[in-house]
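Right after this note come the structures.
Common to both upcoming complexes is chain A, partnered first by chain B, then by chain C.
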Partner chain A sequence: MRVADLSDAELRAALQGDGLDIRTGPFACRIRSELPDIADNIGLLYADQPLGQSDEFIDFDVRIAPPRGLRRWWRPQVLFRYDDWVPFKPLPADQAVPMLEWGLNWCVSSHAHQYLILHAAVLEKDGRALIFPAPPGSGKSTLCAALACHGWRLLSDELGLIDLQDGHCHGLARPVNLKNRSIDVLQERLPEAVFSRPFRDTAKGTVALMRPPEESVRRAAEPAMPGWIVSVRYEAGARTHFKACGKGRMFMQVANTAFNYILLAQRGFRSLGQLVRTSDCYELVYSDLDDVLALFDRLEPPETREVAG
Partner chain B sequence: MRQRLIRELAVLALRSPECLPGFTPAEWSLLVRQARNSGVLARLQARLEAQGTLQDVPLAARNHLEAARRIADKQMQSARWEIVQIRAALEDSGIPVVLLKGAAYLAAGLPPAIGRMFADIDIMVPETALEQVEKRLMLHGWMAEKLHPYDQRYYREWMHELPPLRHCRRGTVIDVHHGILPRTSRYALDSRLLHEAAVPVGDGSALRMLAPADMVLHSIVHLFCDGEFDRGLRDLYDIDDLIVHFSADPAFPARLADRAIALGIARPLYYALVWRQRLLGKPAHEDLEPAMRAGAPGPVIGLLMSALLERAMLPSHPSCDQAFTGVARNLLYMRGHWLRMPPRLLLPHLWRKAWRGDSEN
Partner chain C sequence: MEQAERWRIAPGYELLWFEGDDGQVVYHGGSGDTHLIDEAAAALLHLLQSRPQTPIALSSSLVADGRVAADEAPEYTAMLLQELARLGLVEPCP
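Showing the complex of A and B:
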């Protein structure tokens, strides 16, 4: 069963009652909320996500709810609750939906230490992972959304999970978080894609969420071998500039943005070393999306080229 | 699942790990969350690992246990480094520095250190040396955080510790104590006695820790006089680990009883032993009887505290709540304040807190 198989009333009843159990990649999440905004957007953005089985292990039990007291009515706010715990300050009620997304990201990045957790967008093609490490504002989400609707499978727009045992990349196939100008750009380019309404004045400016393509959700449990790591920078008016990048430098860039590199200590060092060694590393400066999509279409997987060379 | 069982999953798992293979996935997810909220998730991992049964835990739950242990180990490593830094700041001053709680367990290699979450490092120095210690720590980068003048006064005049000192670069926090109970506490406890009995931690440094009986009593006082029971289970296990460890010396139970009576804190020892038996299933050694008798409350208080602790000692997780759990936690919180200062100080204090409540949070 998928979320879309529930009627609107069933979806709301689950969210308001014992919780809606959904699977996102390797994790089972239980979501509760009485807010209509959350129900509407889960119905919209998580439509293809599989529902959890009954009596399943739940990784993250979260709730989006108004705080007690005055702020329920006066300039209403919402809280993200993880079990009974409130890890963040409240946000204006209008930002409940992005708050759920950020909260679920936080759940993964602060608990799933069986992975090296990269702050990165990750896509897949022919079994190989394409990784765009942060920093935010680099245009990685824009590129990620465009590629996800252009023959690449979305693993995650925000969190790259590297298995510490076998080095494979796992994804979440959750909605893609778009910011500011890239919202209009992508809505125009991708008329078939499904977007949430814009949420204004958040900490990251205006934010909108794009529903992950159906195929990426259906195949969310399939990991990918490392393929390419590309450090991206959007620069208005720039010509596409794509060149190989030193592996040492890439190692440092990814290490600096990973969530639990320091926590994992030696295992993190080894895992990241293996990831960088087995991936081709590039730097990309771009402004023209079409140009970049064509470029990634031509990208060859690391080993094939090694064999050919 | 019966109601009682659900509430006590974390208690049950640590007390009788042999029943874990019968847990359903849903029970495992509740157990993980209860254990995390009461600070015993990494300890559970350590216990199962030591028993060689960790591999039998279903993978999804095991991932959470292992993650908690990784965090605990990392905190332990940072705490070790912090202790080295404290030595560098204070060792040559000749001031006796006593490591408290987690820092002492870690430096002395005591059982509760394994899988224990660390927030800050606690040390105790003689009251007369406070000013010098604060200055020295400041020279080494630890600064008092900006506090409301009232809070400054609260700490410095009434409490048994300085306001927390945060390191300007590492962000780590030291709590510098001069006693284990507030100056204004109901229990007048002369901390000079604790200093006199303190022993070297045994890591080759000049650092000291409380004598075994005092260490157990400190952990007990911290749990049963402070008013916050969110991590009650964690603290109860610390106490249990220490009692078991020190009881390798057969004279220890009698010494613990004598010391509690001598220091005038037999009451908290009584509660600790009662709840150790109720939740962990471990009866008190017969040599502790005199302290149990000396510390037992009257029947009314006894019943009331039983009803309160029965609720508050369980993990702070919705699945553990029963009727009046919130009320019980609030009453114990007020009791903590009541023990902390006499009414002529407490009432104005709570009044100020209530007034400032909103601007602080």
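Showing the complex of A and C:
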């Protein structure tokens, strides 16, 4: 069963009661909230996500709820709770939906150390993963959303999960986080895609979420072999610039943006070395999305190298 | 720097290597730090991984490998050792 198979009343009852169990890639998440905004947006953005099985282990049990006291009523706020622990300061109630997304990202990046966790957007085509490791503001989510609606399968727009055992990339197929100007750009380009309303004045500016394509969600459990690592940077007015990047430099860049590379120590080094060794590495500067989509249409798969090592 | 002084890899932790096409990446298990270093610095570390050596011996090996000209080798070797010591990868033998 998928979230969309629940009636609106069933969805709200689950969120307000024992929790809505959904599967995002390798993780089972239990979400609870009495906030109508959370119910509306889960119905909208997670419609294709499979519901968890009743006997399934829940990896992340989270709740979005108002704090106690006057803040329920005066300039209302919301808290993100993880197993009844509050890891963040409250945010304005209007930001409950992005807070849930950021909180779920935090759950994965802080706990799922069976993976090397990259701060990266990851897509897949023909079994090979295309990885965009980049800091916020680089334009990777914009590019990721455009490619996800252009024949590439979305694995994740924020978290690249690299299996420490076999080096494969795993996906979450959760909503894509878009910020500021890219929201309008993508809404205009992708009339068939489903977007949340904009959430204004967040720490990241105005953000909106795009529902992951149905096929990406349906195939979320399918891992991909590493293919390409592309360091991406949006630069207004720039001509598309795409060139090979040294693997030593790429290693350092990915290490610096990974969430748990230092924590994993030698295992992290070996896993990252395997990832970079088996991928073709490039640098991309862009401003023209059409140009870049055509470029990725022509991208040759890397020669097959042994992945497990 | 005393030319007779021997240098060694900072003991107690292994070095892990990743060979890039633009340099080598080395991981130091003690500090948990990762560094991208050039081929000459990597060659020097590999020499010291085999055994502690003096700057003169290291300099001679770098010249023999064609990595540096003979007249620049002593100064270049001293600079590499200082830089690698700053990164915590090598140290003078006690």
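We take it that the second predicted complex is superposed on the first by the 303 of 309 C-alpha atoms of A that agree within 3 Å, B and C clash if a C-alpha of one lies under 4 Å from a C-alpha of the other, contacts with A are read in each partner's own complex, and residues count from 1 in each chain.
To be clear about the criterion, a contact is a pair of C-beta atoms (placed from the backbone, for glycine too) under 8 Å apart; a residue touches a chain by one contact, two chains touch by 3 or more.
Treat the numbers as computed from the prediction; the structure is a model and nothing was measured.
Asker: Tell me the contact category for A:Asp94 with respect to chain B and chain C: first, second, both or neither.
Answerer: neither
Asker: Touching A:Asp40, do we find chain B (first), chain C (second), both, or neither?
Answerer: neither
Asker: Looking at the overlay, does A:Ala265 come into contact with chain B only (first), chain C only (second), both, or neither?
Answerer: both
Asker: Output check: A:Val276 vs chain B and chain C. Expected answer is one of first, second, both, neither. What do you get?
Answerer: second
Asker: Who does A:Asp163 touch here: chain B (first), chain C (second), both, or neither?
Answerer: Neither chain B nor chain C is touched by A:Asp163.
Asker: Just checking: does A:Phe251 make contact with chain B only, chain C only, both, or neither of them? Give me first, second, both or neither.
Answerer: The answer is second: A:Phe251 touches chain C but not chain B.
Asker: Tell me the contact category for A:Phe57 with respect to chain B and chain C: first, second, both or neither.
Answerer: A:Phe57 sits against chain B, while chain C stays out of touch.
Asker: Between chain B and chain C, which residues of chain A are contacted by each of them?
Answerer: Residues common to the chain A contacts of chain C and of chain B are 262, 265, listed in rising order.
Asker: Which residues of chain C touch chain A in the complex?
Answerer: Residues of chain C touching chain A: 16, 18, 20-25, 27, 29, 32, 34, 36.
Asker: Of all residues in chain B, which touch chain A in the complex?
Answerer: Where chain B meets chain A, its residues are 24-26, 28-29, 33, 36-37, 58, 60-61, 63-64, 66-67, 70-71, 74, 316-318.
Asker: Please name which positions on chain A make contact with chain C in the complex.
Answerer: Contacts found on chain A: 246-252, 255, 261-262, 265-266, 269-270, 272-273, 276-277.
Asker: Report the residues of chain A in contact with chain B in the complex, numbered from low to high.
Answerer: 28, 55-59, 61, 83-85, 111-114, 262-265
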